[in-house]
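Chain IDs A, B, C and D follow the sequence of writing; residue 1 opens each chain.
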Amino acid sequence: MLTLDFHPTGRHFLQIPGPSPVPDRILRAMSLPTIDHRGPEFGALGLKVLAGIQQIFQTKHPVMIYPASGTGAWEAALANTMSPGDRVLMFETGHFATLWQKMAVRLGLQPEFLAYRGSDDVLPDAAGWRHGVQADLIEERLRADTAHQIRAVCVVHNETSTGVTSDIPAVRRAIDAARHPALLMVDTISGLACTDYRHDEWGVDVTVSGSQKGLMLPPGISFNALSPKALAASKAAKLPRSFWAWDEIVETNKTGYWPYTPNTNLLYGLAEACDMLLDAATGGLPGVFARHRRWGEAVRTAVRTWGLSIQCADPAVYSPVLTGVVMPKGVDADAVRRLIYERFDLSLGTGLGKVKGKMFRIGHLGDCNDLTLMATLAGCEMGLKLAGVQLAGSGVQAAMDHFSANKPSGPLRAA
Amino acid sequence: MLTLDFHPTGRHFLQIPGPSPVPDRILRAMSLPTIDHRGPEFGALGLKVLAGIQQIFQTKHPVMIYPASGTGAWEAALANTMSPGDRVLMFETGHFATLWQKMAVRLGLQPEFLAYRGSDDVLPDAAGWRHGVQADLIEERLRADTAHQIRAVCVVHNETSTGVTSDIPAVRRAIDAARHPALLMVDTISGLACTDYRHDEWGVDVTVSGSQKGLMLPPGISFNALSPKALAASKAAKLPRSFWAWDEIVETNKTGYWPYTPNTNLLYGLAEACDMLLDAATGGLPGVFARHRRWGEAVRTAVRTWGLSIQCADPAVYSPVLTGVVMPKGVDADAVRRLIYERFDLSLGTGLGKVKGKMFRIGHLGDCNDLTLMATLAGCEMGLKLAGVQLAGSGVQAAMDHFSANKPSGPLRAA
Amino acid sequence: MLTLDFHPTGRHFLQIPGPSPVPDRILRAMSLPTIDHRGPEFGALGLKVLAGIQQIFQTKHPVMIYPASGTGAWEAALANTMSPGDRVLMFETGHFATLWQKMAVRLGLQPEFLAYRGSDDVLPDAAGWRHGVQADLIEERLRADTAHQIRAVCVVHNETSTGVTSDIPAVRRAIDAARHPALLMVDTISGLACTDYRHDEWGVDVTVSGSQKGLMLPPGISFNALSPKALAASKAAKLPRSFWAWDEIVETNKTGYWPYTPNTNLLYGLAEACDMLLDAATGGLPGVFARHRRWGEAVRTAVRTWGLSIQCADPAVYSPVLTGVVMPKGVDADAVRRLIYERFDLSLGTGLGKVKGKMFRIGHLGDCNDLTLMATLAGCEMGLKLAGVQLAGSGVQAAMDHFSANKPSGPLRAA
Amino acid sequence: MLTLDFHPTGRHFLQIPGPSPVPDRILRAMSLPTIDHRGPEFGALGLKVLAGIQQIFQTKHPVMIYPASGTGAWEAALANTMSPGDRVLMFETGHFATLWQKMAVRLGLQPEFLAYRGSDDVLPDAAGWRHGVQADLIEERLRADTAHQIRAVCVVHNETSTGVTSDIPAVRRAIDAARHPALLMVDTISGLACTDYRHDEWGVDVTVSGSQKGLMLPPGISFNALSPKALAASKAAKLPRSFWAWDEIVETNKTGYWPYTPNTNLLYGLAEACDMLLDAATGGLPGVFARHRRWGEAVRTAVRTWGLSIQCADPAVYSPVLTGVVMPKGVDADAVRRLIYERFDLSLGTGLGKVKGKMFRIGHLGDCNDLTLMATLAGCEMGLKLAGVQLAGSGVQAAMDHFSANKPSGPLRAA
């Protein structure tokens, strides 16, 4: 038998920014027997999850559900729309934007990587990892591309490595202002079903997402939400693709099936997740978003009270999904994380890439409640002190005050 | 489908003093398919759980496992050893001692109910519910019973209604000092597998326990641990009994079976619980006891810092399983509990019987860890304040200081 | 980890007459987290299962749900209604009727045990175990009891040890014809939710049942369905009782709670079982009964084709729940069973009491379908032959013909 | 809640050739909480499954575990080793060989598709779908390729669409005999862990497999087993790839991690599957292979007795995993399948591609036992007759005779 928790008792607190804590209800759904993926029950399941995921993306257009984890959906977005050597404009918001850019290179594209222009005292080597996408830089670059060589603008909505949620409508407006035909492709792997995301209204052409964040599923399925323009672009795109190809999936999805074997048991989980997230009795998607907003505010209040820097430097783009906590100079963030993990049975997110060792990340997403976060903040506060970090005040106290003063707005489930 | 949590998200914090939070590992074990209770696999299971439960009771004598909840095991203890009209000496330590006494009356016995002699400012109507069994009173009464009419002394080890853990060896010494032949019967429904309990060494004749506390199982099975003297007494006892009768169970248990259909799936859970509790990698029973002690200390530190009264007035008998928190005069403890439940998704134990509305109980048993208790204390602290209770200080802060200053002694599970 | 199947692969075929195969859906429901048995969610659960179980007993009167296995419910029926020394009239239909009679003796009652008058070639030592209750003998005996000393008539509806389903309305008519005031108490532990049972319409005073048969739950909860006359009788009854006492349960059940800790997770299973059994889309209770009838017919067709004796000698009282298969003289039924178990991963019921070694029992109840029974019959047929039993023909072939010729009447679940 | 079985009671018989019936033990393992894929427990899990899967592929070289279903692993094999326009030699053994060939075209390769040379009375339009790979044709073609333009030979080991298991060592010998440097790439998606497969000993360069067949997992993870030669080829290969790229996976796997988020909960299932398949107590892999062989023999015996054609025309390459059953002319195989599904709660595999409507497939793999297959054959026999197909004899009877006459060779699990 597997030992999945090296601690002697109690339930592990998984407060990394994804995989998020999976509700028992979803794990239970996933344990239903695997069925024939060509049988009548499967068709009913397929139609249900396809309709549900469209509601969550707020789109009326097709959503591809891949039996693959999120990185695959990045590749799918590029492989279906681009041809070898195509130029794409990307923006360095953090580690995941950087990984997507590297993938574009590997796939034979020519990404141009815009970045924040400015310096930063707190994270001098990663100044841009404290801000969101700057739409004005994108507009400026697109206006300069009079030959329309840039085929797509690719940005990350919620940067899981930094805790910054960029303004996607502003990017859309920038493209439109530049009268540029580039596709808009957005990664909201960690934003979907945590914070408002409107694929159609915001004019996104391809939205990439995954299962293991706001959808509260284990990793293993991922998504491309499409626009008619993206579908049209895919007809001409020349990158080789088969597994990721949209055309056959769109066709077979019409009756609730897939062209090849889908990830059946994770689809059971997705069906359950849709039921939970769209449940009117708990406020539906607006309720989901309000809860994440509330949690994020409490965590940031705690970080401020500790006297530590929130990684996101711009309050307008604070992420409701996770908060990056920057350590004082000289403190090894990973040593703090390890102490907290070993002593308090709590997993926090590590600093990635340019900020490795300099910060850690607190996830406040998925299947949580106020007390889960109080436990998390208590674990952080005790661990920081035990690690010798000087704190200005009790973030735990501040978070309790915040939660007490702010009643949840959403309806509770009816008794 | 059942809705078992009226809150919109997250895992409910069940911090009542039992049923305790059941580890997922045990719930999963209980979901194994039901098997033939007369087949070979069942015999192997039966022998395993019978051996395991003996280790937990620290006895070499037979332990009855009833397919019935704990109240049934009280009845079994009396029905197997007593005859109609027999006198038994009981001690009013709280609500559960009182219920056992009422049961004795219903079964046609003549219980004598000793109680604390003294007054109390904090709980004037329930002075005795702040103390443990007073062995000297028992000795005094037994000495007076020169005709040896009293057939049994029945006491509660860990009073789930008050948070007091009585000194059982002292009761044994009292009986011996009085040279009285009465049986010693002890209810440790909520003490077993939380705090040290030694059936053989302490000279107990019948120990009563249940599944839903330290064993971390759902309710539904219960226990009588026997002594040779108790078995002998059962031969002469005349109360009618059949379902509870020890004789046939002792006989059929020899090969791992029961005389009638056992509670198969809860036995799966019991097998898993024994594996967990007796696991040397997590410290075995001494590790279990150390963890509960540590948790109890942290919770009492918090209560003291709030400036509230711990129900147990005698530090020598503080329970490591639960803590009774007495409300200031004029505060309705149940209204506080309800606010905490509704707002913070946390269940606390209600005041029972004589102390209804005057106190609530915090369970710190079973599948917990430091952060579970920090969440619990944060929920209490926020709720108390929202209910208008004046607190002297932050119990949450005090508990964090306590946990930080006191490293867990037990080994962690090896990686 | 427990090893609950000593075979290398595949799912065990549990075709004993209970515990019946538990649907995964119910096992999954039982794995939900244990909740506070005094909290609001529990009250809602309690009211739901109490309403559901009334529908299944076809009664408007209270149904006690005990956190104890079925044998306990036998004791509850007697302990609540009888006084020491009371006379009860019982009927030897088989092993379980005999056990209930022995229990009556242990409880200090004076049971009179009627039996079939007649001889039998097939089972000369257990002639009566091939027939149902003979209502005329009961009527005769009651007419003779002019002093009305007999306080109750206790019969088994579906004898799990023989495969005979007695005619309960006929017993009611016998009592009425004798103008006798005795209570009518019926054990339908294995009949309920397999075959029609009408507590109110049939004028039963106490019906005893359990969880692990037609309700498709693991063992661990059991039932007493009451009549107003039974409730009235309990006021005067003098047998000591506390755990089993109806009065407090009836009172606390009004709001969905119990006077002591209930068997929470089995109640989750019961809620799910009620949903399944009462589901109109699968035909509700009439659909349940029709399916069991159909299965019983197929199994008996097979036994006849093998040229073996069906234990039940009277086609009018064939059980739709199980079939007793009598071995030819000289064949050790338990050796056959063991061979089938070891070689074909199939559990059959052993011969009990007077028929030990002479027969085995095929359960056809609970979560089955046509192919489950075809597998079962194939296992029996292969095993019988391997054991050297001469068969007249292929029961498997006959059962296939039967199933093919008889379309299930009930509706399937809508797609 | 999802309705995954449109039948009123009982467990569905899933006897398609994959997804195979998933053991409850694996479903239970998959329901463990998702953990941090960068934490210490995950590293331990990763090393465990990587070691286990190597044993199952019988290789000492790296095995890639993709968080993607099997079709993805086809793409991975080609994308890592080929450059645009490369020639590959494939062999039309059935539907899946054809799909792989189509994928090669989509990816910009130039596949050459060899096929059986000969005619067939039973399936005139799909003569080649009754035979295995003809190694002599491959040798002949490779000898002709003196310029060594062919970069790879790609064959399917166990054709899931036909029930033919090709001789892979013979293909290796053919390549060697031709002294040709082409890579040997083999799809054993449905063969692995059902029938002997030796990646290293047979000299395979890339083996493709998936989770939902012999590994008894739900779909969602898939594999590439590599050879040093394949790894070397990947350095020079020019097809764009990122998600599928071997290099980073090989590197990060060294410590038990993956370069991007893996399919955590399916890896739990894989760990459990490895424990089951490699368990010495049940015979290890040789035991697994012997069981499938035994099941295949019984099913073919039944098909022959019915007087129907086994799709595989060459007994030397009968698949132990599934059996294709060809319908008499004029019978719509899918109508038969539908009748069996609706009436008997049994799923069979549909005819794919060229044989659609002409045959159905019986899966005999994964978590089965003798009685599961007896149920399956009974469902087929009843359904065929109800559909009006004339049968020569009772396949069910023949299979019973076969199972009875042939004791399983492997050891049973020790008690």
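FYI, contacts are C-beta pairs under 8 Å (C-beta built on N, C-alpha and C of every residue); 3 or more make two chains touch, one makes a residue touch a chain.
Since the model is a prediction, treat every value here as computed from it, not as a measurement.
Participant: Just going by residue numbers, which of A-D, C-D or B-D has an interface where over half the contact pairs are the same as at B-C?
Facilitator: Having compared contact pairs by residue number, the answer is A-D.
Participant: List the centre-to-centre spacing of subunit A and subunit C in whole Å, with centres computed as mean CA coordinates.
Facilitator: It comes to 54 Å between the two C-alpha centres.
Participant: Nearest whole angstrom, what separates the Cα centre of subunit A from the Cα centre of subunit D?
Facilitator: For subunit A versus subunit D, the centre distance works out to 35 Å.
Participant: Between subunit A and subunit B, what is the separation of their C-alpha centroids in Å?
Facilitator: Taking the mean C-alpha position of each chain, the two centres sit 45 Å apart.
Participant: Which subunit C residues reach two or more other chains?
Facilitator: Residues 3, 5-6, 11, 21, 24, 28, 31-33, 40-41, 44, 415.
Participant: Classify the chain contact graph as line, ring, star, complete or other.
Facilitator: complete
Participant: For subunit A, which residues are in contact with subunit B within the complex?
Facilitator: Its residues touching subunit B are 3, 5-11, 13, 21, 23-24, 282-283, 287, 291, 342-346, 367-372, 374-376, 378-379, 381-382, 385-386, 394, 396-397, 400, 403-404, 407, 410-415.
Participant: Can you list the subunit B residues touching subunit D in their complex?
Facilitator: So the residues of subunit B in touch with subunit D come to 1, 24, 28, 31-33, 40-41, 44, 415.
Participant: Could you list, by residue number, the parts of subunit A that touch subunit D in their complex?
Facilitator: Those in contact with subunit D are residues 2-6, 11-12, 14, 16, 19, 21-22, 27-41, 44-45, 48, 66-72, 74-75, 79, 84, 99, 102-103, 106-108, 210, 212, 218-220, 239-243, 245, 260-266, 268, 271-272, 341, 347, 350.
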